[in-house]
Structures are given as structure tokens and as C-alpha cells.
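After this come two complexes, each holding chain A, first together with chain B and then together with chain C.
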Partner chain A sequence: MANENKNSSAYRAYFFAFFSVVLLILSAWVIWDDEFGLRPWKHYQKEYKSLKHDQLEKEYKQAQLEFHRSGGAKRLADLTAQLEKAEAALKDKGTGQKYEQLNRQLEELQKQSAASQKQLQTVRGKYLETEYYFTKTQKPEYKKEMDALQLQIDAIDKQSKDLQLKQEPIRESIAQIAGNIPALKAEIEQLNKILEDKKEKIANNEKAPIEIKQFLIKDVDKADRCVSCHIGIESSKQPSAKQPYAKHPLTSVYLGHHDPGKFGCTFCHRGQGRATTTVEKAHGKVKHWDEPLLKGDMTQTSCLNCHGDIKNLRGAESITKNTELIKKYGCYSCHKIPGYEGIGDVGPELTQVGTKVNYTWAVNWLLDPKKYFSTARMPKFFFTQDQAEAIADYLFSMSGSDRRDVDLATVKNDPKLVEQGKVLWSQARCNLCHATGGRGGDHSKVYAPDLSKVGSKVNKTWLFNWIKDPNKYFPGTKMPRFRFTDQEINALVDYIASEYVDDEAESKYVAPVQIQAASIKKGKDLVQQYGCYGCHKMRGMEMVQVAPSLKAQGVTFLRSDEMREKIGTELSSIGSKPVELLDFGKLKKSIPNDRLSYIKQKLRDPRGFRLGLRMPNFRLSETEVNELSAVLYGFTDSNAPVRFMVPSRQELDKMAGVQGYKFTGDFAKVIADVKCTNCHSIKGIGADYAPDLSLAGSKLQESWIRNFLANPDMIRPLLQQMPKLGLSLGKTPAKITMPKFNLGKQKVEDTNRSDVDVVVNYFQQELVTTDIPKNIPVIADVAMPEQIAQGKKLYDDKGCRTCHQLGTDGGAVGPNLSNVGNRLLPGFIFKHLENPKKYKPDIVEPNYGFTERERVLLTNFLMTLKISAK
Partner chain B sequence: MNPFIEIITQPDNIAIVIMILMVSFFMVWAFQQAFQNDKLKTAGYAVEGENDKDVDTYKPLVRIELLISLAVMLFLTVWSIGVDAPLEEIANPTLTPNPAKAPWYFLGLQELLVYFDPWLAGVVLPSLIVVGLLAIPYIDINPKGNGYYTFSERKYSILIFSFGFFILWLLLIVIGVFDRGPGWLWYWPWQEWDAHRVVFEPTKDLSNLVGVESRSLAGFIIGAIVVGVYMIGGMVWPYKYWQKKNPELLQQLGMIRYVMIVFLFITMMSIPIKMILRLVFLIKYVWITPWFNV
Partner chain C sequence: MKTKVKISKFALLAVIPALMLAGCGKQPAKGKANANSAGADSSAAVVEANANLPFDIKEGKRLFNHYCSVCHGESGDGTGQYYGSSLQPSPANFTDKAFMKTMTGEALTRSITGGSASVGKSNMCPPWGKTFESDEIECLVAYIKSFSK
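For the complex of A and B:
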């Protein structure tokens, strides 16, 4: 439209003005947002700076006070006065004029020297340039030029050396005239420096730029900017304990061993390291970020990323404790978990279970194991009565048995035998592993079933055979073979059968009922569906003899190939599994849709998500759920570079092609029989429940070993040794003594040697180290009694009694030393005192830094501490 | 929150919501103007702009454009400060996002993948769209409607364009954005997305309906006949119809233009037909050939 309307034109002008003004305001907003709105870390850094300033200011003031108090200020004033006097004296002597003249000469020479240096630089630069062209082109003219330049360089060099030489005598004369002036000046400067340093620190703090700070670790592809807000994380003296200014807890353990410059922050703590715009984003608590920040003990879950052995790892105490649960409940039986291969079955072998337990008991156990005893590890599978009976039928028919219960009313126990059995029961310390009536049994270390109602569970024949030789029924069981005579076993069996019975036990099948083929088939399907063979040994069942009548009805048992290794989901990377792959089912809306919540809910109520899930309910306490989920959360697809990895000893041995340690000869037979490694650790095999015996041969005296093995309950109480276990649990220590295995009474299978002989021999041949000398050095210049007295003095002076007990005097942190002269070899004591951590890295005993002489004296004293056994 | 509101307010979807509102507004506005003008014309009045030959660009248009560009700049600035770029989870080479969606402006094309062989949906149909749009100036012989709104004078052109743009392009985008969830399954906006949802929807090929294996020679022949009848019949029948009704129009168009128009039209119409076959009759393919499937 050519003829434009005036009104509409003005109207547009207003619009234009309005938009322009708004755009201007918006631009200001954009700048503000970019500078402050999106950079909250600036605020934190400023705040930290001011806190740091306050701290340094305080330190400066303190240093000032200290300076005055310690007389530093006075000394400074003195020195200044002396300096003034010396300078005045210099003038008075009339040498002042000469002094100034000399100084001027020196200055002149220094100027010349500087000029020749500059010339030298120029000529050298030209030389290098020419040399480059000559190297490139190989033209002779460049070579000529180079030679000419070299001549110049030499000339200048010589000139400047001459200048240097001329300076020397002048300097000397100046020093002569000046006397002590330079020394005074130096001391004044040094005194001033004490405060200057502090001042400089304050100034440096002021100058520190406010900027994004980050750890950039290329090979794990991380740029962790956490330090932009957590600015004081590495400081040794934190200006504030408030977040984000606080320093890292246990800095020496965590940051000391994991330099943040190489590991970053998110490798252990997760969270979104690159984010800097809000706290929520940085901590990964936003949608689509599946790795929220780990705090506190939960962070220890990350130790599993790299550390193969977390046992005894400082700073990993919580996760180490938590991993015990995996072993306790045998998660690895159904789920593939790396590092938990070949541990052995959690449940007992079931191949012959029909000869062991009552049918009614078996059915009730299948229905709800916790009903039988509350510490039962077996989970609840929610079987119906029919299903439980079908499985029991399957298991019983496998061992050629019928539905059969012992009639408890007809069981007769000889009162005399019961009395004898009771004594044996306590002598053998059965309660050490087995709980009865709520007493005994430590389930965190050695798991053994509660025996309170066992009399109603198993039959006496089986019990007799079991105690006689546990390996026969269940090869690989943890139950040791006690060297009882048949008569003793009968006594124990009668005692157990009379004492530990379930009053509520019912016996439906006192008259045996034949098992139906249909029920066995149903049971077989259930066994396969729920993977009972994960925890219980049922292998080789194709070998099982089926009764002809059942065989005719088509009864078969599972073949090994029908028993898949693991029926559960692989858990190797459950801690980094994408959330989309987790099926929250009907709980999608009722629980938070994140990985940790899923894991916890799965442990709490495994079948709660939807129909058709098979995982049984372990009825874990909420604490156990938290602990176990912390471990599972640590099983990640960690893309840790190899340099981070700390493989376990086992893996290292495997890589190096070293065979793991194996017991050999007759000693292996003893171990397999008595199961020493249930409690003791020998060369890395076994538990840490009782003392490590790896170097027992170098440590213990033979006579003591023999006495102890024959009569553990006689010598042991004298030691009154506080068990480590009691300490770590933080309870009053129970007086735990080694069970009496009645060693020495029988010969080892196929040999002529007694088991004690075998043990002693193995200790002395195998469990020794050349590190520990047989004999200790002899001190010739002092008589033995005097040496012992000196040793005692050392013992008292160093305060050994704070931890160790002698007789009834002393602390209970370390072992009682009343009988140490009978127990330990002098060489061991001598070597042990040199560095207590060498043989027991987690020992609390400090290293006193004894001299060799002191160690000999102490050893000699300790070797006199004996209690004669009567 | 209500899933519907949640979806509407997602940073990703703000653009689509704005698009729906603006397209609806301008569509209604344009049709209103067109109907008004039609009324005026039937009443015998002249319509504004109908007889203009030239219109100045400078200043009228340039001024308006400057103002609009200012307004758009303001809007974009506020939007970009207020709403962060909607990032999703960190890329994981071992895990395909579910659903894996194309950029929103291509979601209509992606939707076609549900109904067609990838070769057709991804190559042939997009090419035809471009070719068809390029051809418009050459096959449109109606000079009416230049510089003013009208409906009655360009009934077919407007209807076909509206169908192609609003339904086949925009509606499919809206469906792709709001109604396609994990597994590319259909979710109503008020339904929650569930990656573990199970849908049992067995599909068949056309010849399976009469009991012939679609991958056999017989199935091939049946499919070829059906597709052939559609394509050839779709070309011949309108010709016959117009020959009777309006032979002059055919004369003006000429054979080449006629073939092009009808070919593009029936190809376009094959899309809704195939959609109905797939959605209502669960038919996957009509014609299976060793090279491509229709």
C-alpha cells in the first residue's frame, strides 16, 4: 500500500520503542544471569575466601603475639639499633667516602656486565637461527656465518668473564670495610620474615582468583568440578566445618591414597561432576541422572570398584561388614556375582535327607524355616501345603525313603548316658557354633544351625553317624569330626535327643505312607523352578536308585544338566544397571523410581513387584536391607582404568600363575577332618575368628602346642585372651575357647602318626619363616639376671602393662603375658618387637622403635614369664 | 502430576504446544477470511487485494518484519533463560533410548515407519513430498486466489493441501510427540509410559486373509493385483469421471499434468488407506516383493 496511514505508522513507532526498552532490560538480565544466576559457586568461593581470611588474620595476630612474647620483637629492635650504630661508625671512621666510591665502582662494573650479557643473548639468538637454516639447506654460506658468530660469542664471553673477575677484589674490600653489617641485615630480614610470611599468605588469599576449579581425568573421562564449591576439601586446616567448605573426612586414608588429581571425586562419590549451576544438578539429584551423590558410609560401596580384597582395608570397614551378608545368605547361589565363585553351598547336602529328618518336620521347614528357629538362613518360598509336600516327597524318594516320622513318644534315652552326654556337650563346646535356647552360636562368623529343637528334627541313628563322621554324609561340611568313642557318641546322642526337643512337634506319619509318583513329579518341577540346587547339593541324581515300583510309574530325578548353574539374574553390574531395565511393576507409583530404591524393595519383598517372580523372601531386617543394598549398589560396570585396580591376592596369584596355597600330606587330612580353618586362618585360607597360624611354627613352642591341642580348655583360660571378635562387636568379650577335639587319641587315616604329631610336624616344617630367627642375639657384657631386670624395667617404663596383663595386673587390650615364656619362641618375640605390624597388619600395638639391645632385654624378660602347669 | 499436564509442560514439548496453538489460530483465521471474501464475492462486492497488481515491500513489509523479529527475539531470550535445554540421560552406546524419537519436525515421517516398509517410508515418500512441492507451481493452472483469501475459487487445491499439511504432516507429528511411548506403542496423553508394557497385536499380510501365504508366488500375484488395481484404477477412474463432467478442465491440464497430479494424489491417499488397514484390520503388508514391501 503506497498511501500509508499516518496513525498506524505512529502506532508502530510506539511498538518499536517498547520492544527496544524491553530488549535493553532483557540484556541486563542476561548478563546478570550469566554472571551470577548460573554461577552459584562464585558465592561459595567468596564466602570461603572471607572465612579463610578470618582464619589467616587470626593466625597472623597470634604469630604477632607470639613474636612479642618470645622476645622476637626485642631482638629485632636490638639488631636495628646495632645496624644503625655500625653504619654510623662506618661514616665516622672516615672510610665512608671510600665505601661509597667502591660501591659506585662495583655498580659500574655490574652495568657493563649486564650489557655484555645482553649482547651475548643477541648473538646467540642469531647463531641459533643460522644453525637452523644451515641444518635445513646445508648451504656453506650459513656455515661461514655460523663460524663468524661463534667467534663473536667467544669474545663476548671472555669479556664478561673479565668483568666478573674485576668485581671480586672490590667486593672483598667492601666486605672488609662493612664489617658485620651484612650479617646484621640478614638476621633482621630473617626475623621480619616470620611475620611477613603470614602477611603474604593473607595477600595471596586475597589474590586467589574466583574461577571454576576442576579435576580433569582423561582416562575415566571425568571433569569433576566439585572443588569449585567444595573449595576446602583438601585443606589441612579447614576455616569452617560447614559444607561446602569442610575438608574431606579421614583425609589421609581417602585422599592420601586416592589423589583427587588422579581419581577425581565422582569416581567414588558419583553425582554429576560437570554440573555447576545448582547444587541439585551437581549432586546428581535430577531427572535422567542415574548416579546420585553417595554420602557417608554409603560411599564405601565404591571401594568395590577397584579393591579385590576389602578385608582389613582402612576406611572400608562398613562395606567389609556388609559383604559378609552376601556370604551369610548365599546370594551367589542363585545370582552370578564376580568374586564369589566357588565358595561352596550355603545349604546342606540333600541327597540323603530322607534318612536324616522327619517328614513332617521337612514339610514344616519348607513352609516356613523361621518357624523352626528364628535365625534360620533359608528364605521363605511361600509354598502351599501341597507344594511343600511335593518337594518333601521328591527329596525323600531321592533317598529311597517314605513319608515317615519318628514316634517321639517311643524314643527312650538312658539317663546315665544323658548325664555323660551333658558333660561332653560342654567339653566339646558345641555351643560355640550351635545356639541352643538363645545361647551361643555366633552367626556373623561361623554359621551353624540352632539345635534347640533338633531332637524332634532328626533321628538318633542319623545323629550317631553324623557325629561319628560328618564328612561321610555331607562332604565339605563345616562340622568337625570330634574324636569321640562310640560310647561317647551314644551319650551325646541321648543327651541331645532328650534335651533339645520341640514340644509342639507333631508326627503325622508315625506309620509310614508310600510316596505317590505324581507328587514326586510335581516336586521335581518345583525344585527345578525354584532352583533348590543353588544352595543345596543335589548333584549326580541320575545315579539315584529309584524304587522299581516308582520307576514303573515314570519317576525320574533331575540330571546335572537340568540343574542350571544360576537361576537368578546376574548381579555383576546391578549397581549401574540402567533404571529403564528395572521393572517396578505395580510399585511404579508407590516407590521412588531409582536404582537404590529398587534394590532395597527387592530385598524387602522380592515378589512384590508383580506376579510370577521366584525369588524367596529372606525376611531381612531393615538394617540388613540397607547393608546388603550398599554392597549390591557397589557391583558396577565400573570403567575404572587398570591403574586404579587393586586385585585381590587370589587374582594376583592367578595372574602370576602361582597356585593358591594348598595343605599337603597328612596335615590336609587333619584339616579336612577337624576343620581348623573354620576359625583359624592359615596362609590366607580360613576365617579370622581365631589367631592366624600361618607362622605358628616360628612363633609357638612345641610343648605348648602339644599341651594346648590335647587340652585346649585347660591352658587357654590361663591366657584369658581377649578375643578380637568381642572388640570389633563392641560387646563385653565372651570367653571363647577352642573346642576340645580330643586330638591325639586317634591315628590319622592310613598312617601310624597321631594327629597332634602331624600338626606339630606341619607347623615346624611348613608354617615357618626364615625372617624369624631361631635364636636371639646374645648380650655378652651383662649377666643374665641383670638383663632380665633391665628387661622388666623397660616393660614398666614403656607402659606395656596398660594393655597387657601379668597375673591379675594390667589392661586387657593385648594378650595376657603371664605364661608367654611357655608359649612363644624367643625369636618371635624379638622380631615382633621390631615391628609389630609386620605379622599382624591390623594390630593396635604401637611401634616403640626399640633398639636391638632393648629387644633382647625385653625378650629375655618375657621368656621368664611362666606358669608351671600342674 | 497429571500425566497430560506433565507431557504438555515438558521443555521438549513447549515448541509443539506453541505450534498447535499457532497453526490452529492461523488456520481458523485464514478460513474465516476466505469464507468472508467468498460471501462478499457472491454478493457482488470486490474483495480487498483482488485487483492489486503490485505491492511495496519497503516500507510496509520491512517495518512489520523488523517489529516481529524484535518480538521473536524477546520471546526467545526469555524462553532460553527460563527453560534449560531439555537434556536426557547420558548417552550410552550399549543402550538405545526407549522410545528413540526423531527431532520433532520429522516425527511425522517416523510415524510412517509403523505403516510402511522403511524403503518406502524413509526414501520414496519423503522424495515424493519434495518433488510434489516443487511441482506445485507447474501443475497449478488456476490463477485465482492471488493476494486475497478465498475458498470457493480453489476448493480442491485448498482441501488437498489442508489434508496433506494439517493431517498427514502436523497431526502425525502431534501423534509422534504425544501418543508414542516406549516400544513405539500408542499411549493416550493421560496414560503413563511404561517400558515394560506388553501388547499382543498379531499382524497379517493382506493375502493371509484369503488364506494364501504372502511370501509365496500366489501371494505376490494377489498383492501385485491389488496394488496395480489401486494405482491404475486410481488414474483411470477420475479421467473417465472428468471426461463426462468437465472435459474442458482435462483439456486445459493436458495429459502430463493430469498424470502427475493424480499420481501424487493417489500416493498421498495411500498413506491414510494403509494406516486404516494397519490400525483397524491389523494388516502389515499388502504386497510383498523380494525388493520392497508395500
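For the complex of A and C:
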């Protein structure tokens, strides 16, 4: 029994010893973890401090070297010697004692003055406090107290003024006695300060406490502690480019306009702002935190939270470019997306498509648009042959009753007309918008179909009618009316029909075949199911004349009210949709379960999540997937406070009850006809291919506008056009000018005025600004010829020829200036030189900081540059 | 019986910290593995690599291509298409390692800010100091230096 006891107590002792050790280790670990393990920012702050110390030390040493090199040290020694000498001289003269006495007096007075200032501050504070209580309670005792305090304030004020006055004579006597001593002292102090400042910075860095740092945004109850590790984010000179010590990139743009003290970090970068224990937690890359950190270009997605207009927004270049994809692919056709309302259809009108294209082409197109053109925007719907035929039947029956193809073998083209058409084709610059054979067309700005094989797609009658009046077939199309004569149109049609043919085109229905009513019904269901009318306008059954043979079989079309709802999910808050609400379906295990991965996968393979999904496949490149997902990720239920919001112009107009800019009168008719805004932007409407015309009336001379419209010529070098148009034509670039619209030959509809008159008139009445003066300042003291000579000298001295040509001399970055005196108004040149970016934000021309006089001289010189008309 | 109870108390004491330890175990490592397992094809990797360029370089590249490449060329070798063939001297070649060794960051910054004339060269490169912010010039310098690396 005793033995057993002994055993058991030894056993217990071992046990106790073992767990004591465990407990000790645990305690140590708890203390360590609390001090270091859970506070990684301490390490970063220490590291930053030492890096900063090294940097400051280096700067100090450099400053020291510089101080010696530039003679600062020598000067300091000289000054000190001089000061000693002067002070010694003072002593010798016997005025030394008096000098010291005066200094002491002055010091005493200064001390008193400082004390009374301090007192004044306290009493004023008290006064304000009492005033506050008085206004709040209206109790007379407060008023009494206020009066008493006011008396005190007056007294102290008077006293301190007296003290100031007393100092004056003493200063004067000191100056009389001491001569240059105060000046010497001041300079010595200044010299010493250069190095002392640097030393102080080092000392301050040493003193900086190691602590949790945060931006507290009170009105939204946000505390972003990111700066606890990213300690140098606001510094102007980073001690290291390594994270987390680096400064914020492009501070002037991002932090400059978004003071972190007011905006914090996580509004733009997301992540878990309060977390400080691990990097993963702080960056939000942990389970159940739906907002992982955004970095790099992806951060720009957050601009969409607050900024209504991002076009030309500095710092939002990447996201601005990405949003073009929404317009390119027309996401808004099926999905509701705020800010993308009222944009035209992405696809052409289809009600009359039976009169336009061959049936076999239509079926093949429906099966796989990219098979016809690799650049096709229309997505693949994965229709079967039967389904594609049913849809084609539905569409064709809206304007007829047969499946029918043109017999391409029998098409005849007149060789003479073909020749003429070829010339017209290039004069009209069709390739600006339409690609053929891989050349021309810029699909990011104006999407016009590739015409390489169009001769085998459409019939000649339709083509003739189309070119004659595009608005008639497709109201709202971007295709301009070129004012060709019928003969010219015939020539163009023959040229197109002979030149741009598809060798592989099939024609199964040269002999027409009657469309079956059952197939039409099937097609109708498909059109409704897949919402074809989201992108393509199709007029409802009320507007369509059904062929009698079909009507007898009970064929009907979709009514207007059966179309036009947004068929897809609303996307206005997809970027903040809770992850649990995203249906990963069968991909739940194979892709990361976060929002961004979902969006990307949806764009890559829309129907891959499960059966029964309808979204077609746009076959986006991986780059496009990334770009588009960045935009979608930015569509959030923004929780940012109202004070962050920068509404778009459109929204502001709406709030103010102002109508957005609209073209008026006959000019509106010209725009609707010639589609100037396909290329030019006017008052915020249109594209940025060609120069912005919003201020054309203040910029261009009338005679030049008239000449140019009648006979467009190249003004700007290819630089600004080539990249935008994607026309890379090898070493000798083709001349690209505005298309010849044959303006001035016809009257504007319902009026007696020529279109050129209408344009010039509108420019001069509407597109002007008082900001650009009609007349430039006059320099009275120099004769004009001399001014022109001086202007020329400036032109040469500043190196303008690097970018501008006169004749053939100079670079081709900016416009050739040989004829600028005939083209621009002097007021515009004068104003433009002040700040080139003002009238064209993306201009390459730098701001030279010219004085007004220089600008006048340059303008006067440039206005003499004219090419006389032959 | 008594001992047994005591032992189980000790065991309990031991179990609690053990549980604590397990609970505090480095979970983030798990998260990491998860993130890495995300399948990415090669084109995605290229895009990713591009996205991971330092911001300064990317921004510098954007600015350079817009403002500088017209003369200096997008590859930085001084063969921009829009510099007049009759003009002398030719734009600087930033891919020339020997030349770039003589151009410190400070020298580049000065030359960009004040134009080539301000550093005693020709007047062909204009001053950009009133067009760019200083940190934009920093980005440009970083990108220009990357040509000779």
C-alpha cells in the first residue's frame, strides 16, 4: 500500500513537473506572441525607422560635403571671426557693458511681451467660452462676465502694445552701438541651420514612437490601420521602394486629390482595414472576408465608386480604357447597368434583314459569327442547325416568305463603274471605319462591319439603297450619308460587289423555298428566349406586314411589349454582391470561391456553371476578361459617404434640371446626316478620333472651314490618327484625312441653305467661348516687323521645329504650320500657347510657360505663315 | 479514484493550452495554399506578369509612349517615327548602356524638367516641368532607366 502510494506520488511529481514546464513555455509563448507574434507592424516600423535613419544620415553627410564644397564652412568660419572681432571692438570701445545691458533689457521686455500674449490668448478663450454659454442660455450673468473679460482683454492688449513700443528705442540703440553684429549673428544662424535642420530630422526620426497608426474616418466609422505597416506611404522621399516601406505611387494624383486623413485606404484598396495581426488578414485574403485587397491597375476599379465621369480623369486611364469594352460588346443591351442607359443598339436593325442578306449567310452567321470574321462582336449562342434556321426563318418572314440566296455566279459588274467606284471608295475613306483585308477600321471607337466579304453577303439593290440613305433602313445608324449621285452609288456598289467577295460563300437557296410556319414559331420562341432584340432592333408585329401566305397559316411576330426587357441579371452592384449569392454550380470545387474569380469565369465560359444558362459566349481574350472583370468589379453598392461623390455631368444636369447639350436647328439635321460625331467630339457628344470642335468658332477662320469641308486635306500628322485607327501600313503611311462628304452640293432637308453654310453658322454662333479673345494684346513699343522677327527668333530658340514643320523642315509630331495663318484665329493661338492642355487634355505639346509678351510675339509671327491659294 | 480525478484535471489543464495552440496555429498558410491552387493558364500568367510590373514603370511607360516615343521611339532607342529626318542631333538613345551610365537619375530629371537646352545641349527636347508633376517625372525616369537594364 505504502509502495503504491510512493509510486503514485512520484508519478504525480513528474506529472506536475512536466506540466509546469509546459505552462512555463506556454506563458512565455503567450507573452512573446502578444508582444511580437500578433504585432508584426512593430517589426516593420523598426525596420522603416532604421532605413529612414540611414537615408537621413546619408543626406546629412551629403549636405555636410556640399557645405564644405560650396564654401559654406569657410564663410561660417569667416563670419564667426568677424563676429568675435566686432564684439572685441565693442568691448574695447567701452560700450560693451552698455551693449550687454541693453540686450538684457530687450530680452526681459521680450519675455514680458510673450507672457502677456499668452495671457491674452487664455482670456480670449475664456471670452469665447462665455459667449457660447450666453448665446445658448441668454443668462445675464454670462453677459456681465463677458463685459468684465472684454475689459481685461483691452487692458492686456494695451499692455502688450506698450511693451512692443518700449522695445523699439532699445533696438535702435543696440543697432547704433553694435553695428553689423546682429546681421552677422543672423547669417551665422542661417548657415548653421542648414545642417541643424538635417540633424533635427534624424533626431525626430529617433523619437518617433512605435505604435498603431490609423486613419480614422469618423462619419463612416472606418479605421484604416494600413499605415501601421505601410508607414512611409505619405513620405515624399521613400527610404526604400520595397513594400511595406514604399511611398504611394503617383502621390500628386492619388493622395493629392484624396487626402488619406479624409478618405482612408480601404475605400479604394478594399482589404480589412482594422486588421493588424497578419498580412493576410489585413489584406483581406482570409475566409469570410469578401473584399480582398486591390492593387495595381485593379485599384482603378474603385474610381467607379465615386466618379461619374472617368473620361480624361487623371489616374483612371486603365479603367477608362476598360470601360470601352462594355460599349464594344454592348453588355448594357441585356443587363441593366447604371450610366449606360440610352446608348444606341450594338447590332443593326433586323426587321428588314430579309431584303438585305442571303439566307445561307444568315444561318451560317447565327451558327458562328467568328467563323465569318474573327473580329465579329456578336457572341456565339451555340445554336444547332435547326435552331439557326428557325431564327433565320423568323427574321426573313418579317419582310417576305422565302428562304432565298442571290446567285453569285450571275452577278454582273461593269468594269468601268468598278474603276470609278474604286476612286470613290478611297475618296470617301471607307476604310476609316470599315476594315477590309485586315486593314482599317477601329472597332473600339466606331464599330463598322468588316467589308472584306460583303459582296457575297448582301444584295446590290439593298446596298444601293443603303448608301443612298442609311437612316432610312436603320434610323440611328452611324453610317453617314455621303451625298453621292445615283451614278456614283452604282459605281461604288459595282466596285464593292466585284472586289469584296467570299470565295467560300454557299448559295443553297438560289431557287427560293417557302418558309414553314412551324419553323417561324420555333424561331420566335428562340428570339424571345435569348433576347435577340436586346442588341437588334426588331419592330413588333404591329409594324410588320405579314406575307399573305404566312398570315393564312397563323404566323405572328413578337409584340413590342413582349420585347425589350433586360434579359440578363442587373449588374449595378455585381462588384459588391455577397459571395454566397453567386451560383458557382458545378465549378464550386474547381475555381476559387471569390467574387472576382466568379466574374472572370462567367466571362470566359458563361454557360459552364450549370445547364440551362442562356448567356452567349463572347470568346474574349484573357486580356479582355481581365479588363472587363475590372470594370464589373467596380459596379458596387458604394458605401462611400456622399461627400466623396463626384457626379457625372449628366447627373449634375439632371439634378439642376438642365437638359444635356443638344444640337439644334439645321445643324442637328446635318449631324444626323453626316454623323460628324462619329469622329469629332462637340460639347461632350461624340468620339475623340478627330479634333474636338466644341470651340471651333473661336479657333478656326471661316474661309478655311469652307475650303476644308469642300475639300478635306491633311492637317495633323499621322501620329494622332495612325494609332487610333489601327492602320499600320508599313513604312509609307497612307494619307488619312477627313472623308470627302461632298458637302456644299446639296441643300439641307426642308431648307434653302447649303450644309456648309449651316455648319459655319453654327460654329460661329454656338461653338465659341469668350475665354478666347477676338483680339490679342497689342505691343506698342515695338514695330510689327520687329515683333514678327522676335516671334520667329522665339520659334527657333524654343525648338518648335522639333515637332512642327514649316515647309518640309521639322518633325511631324504636331500640325504642319506652313499655312497656320490661314487656318487659326490669332486669339486661339495666343490662348493655346498659355496652356496647351486646356483645349486638348491629351495634347503632346508641353507647357513652355511663355510670358504674355512672348505669346503675342509668337502669335504675330505664326499669323504671317500663309500659303497663298493657287 | 482520487488520483484519477486529479490526473484528469491536469489533463484538462494540458488540453486547454494544446487546444489554444491548435487554434492559434498558422491558418494563413492554409489560405496561401488555397490561393496558389487557383488554376491559371499561360496567357493569364502573361497578363498577370504585366500587371505585376512596378507601378512607376507602368505609369512611366504610359507617359513615355504618349509624350516621348514620338521622338525617342517606343523601344527608347531614339528612332521615333515623328522626329524629322532632317533634324540634328538625333534623339537620345536610352538603350545605349555606356551613355546611360553617364545619365544619373538626377541628370535625367533635370533634363526632362528644364528641357535639353537647360543642360547645355541642343534645344530640341522641350522642357516638361510645367506639364508633368514631379512624381510623374520620377515615373518617367524609372522607365527610361529600365531601357538599359
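Definition applied: the second predicted complex is superposed on the first by the 690 of 870 C-alpha atoms of A that agree within 3 Å, B and C clash if a C-alpha of one lies under 4 Å from a C-alpha of the other, contacts with A are read in each partner's own complex, and residues count from 1 in each chain.
As a convention for this text, a contact is a pair of C-beta atoms (placed from the backbone, for glycine too) under 8 Å apart; a residue touches a chain by one contact, two chains touch by 3 or more.
This is a predicted model, so every value here is computed, not measured.
> With the two complexes superposed on chain A, say which partner A:L23 touches: chain B (first), chain C (second), both, or neither.
both
> Once the shared chain is lined up, is A:G476 touching chain B (first), chain C (second), both, or neither of them?
neither
> I'd like to know which partner A:R12 touches here: chain B for first, chain C for second, both or neither.
Both partners.
> Which partner chains sit in contact with A:D33 here, chain B, chain C, both or neither? Use first/second/both/neither.
The answer is both, since A:D33 touches chain B and chain C.
> Pick one for A:G296: touches chain B only (first), chain C only (second), both, or neither.
second
> Once the shared chain is lined up, is A:G261 touching chain B (first), chain C (second), both, or neither of them?
Neither partner.
> Under the stated touch criterion, which partner chain does A:P512 make contact with: chain B (first), chain C (second), both, or neither?
In the superposed model, A:P512 contacts neither chain B nor chain C.
> More residues of chain A in touch with chain C or with chain B?
C
> Please work out whether A:G585 is in contact with chain B alone, chain C alone, both, or neither, and reply first, second, both or neither.
It touches chain B, and chain C stays clear.
> Share the list of chain A residues that count as touching for chain B in one structure and for chain C in the other.
In the superposed arrangement, which is not itself an observed complex, chain A uses residues 12, 15-16, 19, 22-23, 26, 33 for both chain B and chain C.
> Which residues of chain A touch chain B in the complex?
1-2, 4, 12, 15-16, 19-20, 22-23, 26, 29-30, 33, 288-290, 578, 580, 583, 585, 588-589
> In the complex of these two chains, what residues of chain B are touching chain A?
For chain B paired with chain A, touching residues are 55-56, 59-60, 63-64, 66-67, 70-71, 73-74, 77-78, 81, 87-90, 92, 95, 98, 192, 194-196.
> Across the complex, what residues on chain C touch chain A?
3, 6-7, 10, 13-14, 17, 20-21, 24, 27-28, 31-32, 34-35, 38-39, 41, 43-44, 46-47, 51-52, 54-56, 58-59, 62, 66-67, 70-71, 81-84, 86-87, 115, 117, 122-128, 130-131, 133-136, 139
> Where on chain A is chain C touching in the complex?
Touching chain C from chain A are residues 8, 12, 15-16, 19, 22-23, 26, 33, 241, 249-253, 278-281, 285-287, 296-298, 317, 590-592, 597, 621-623, 626, 717, 719, 797-799, 801-803, 805, 808-813, 837, 842, 844, 846-849.
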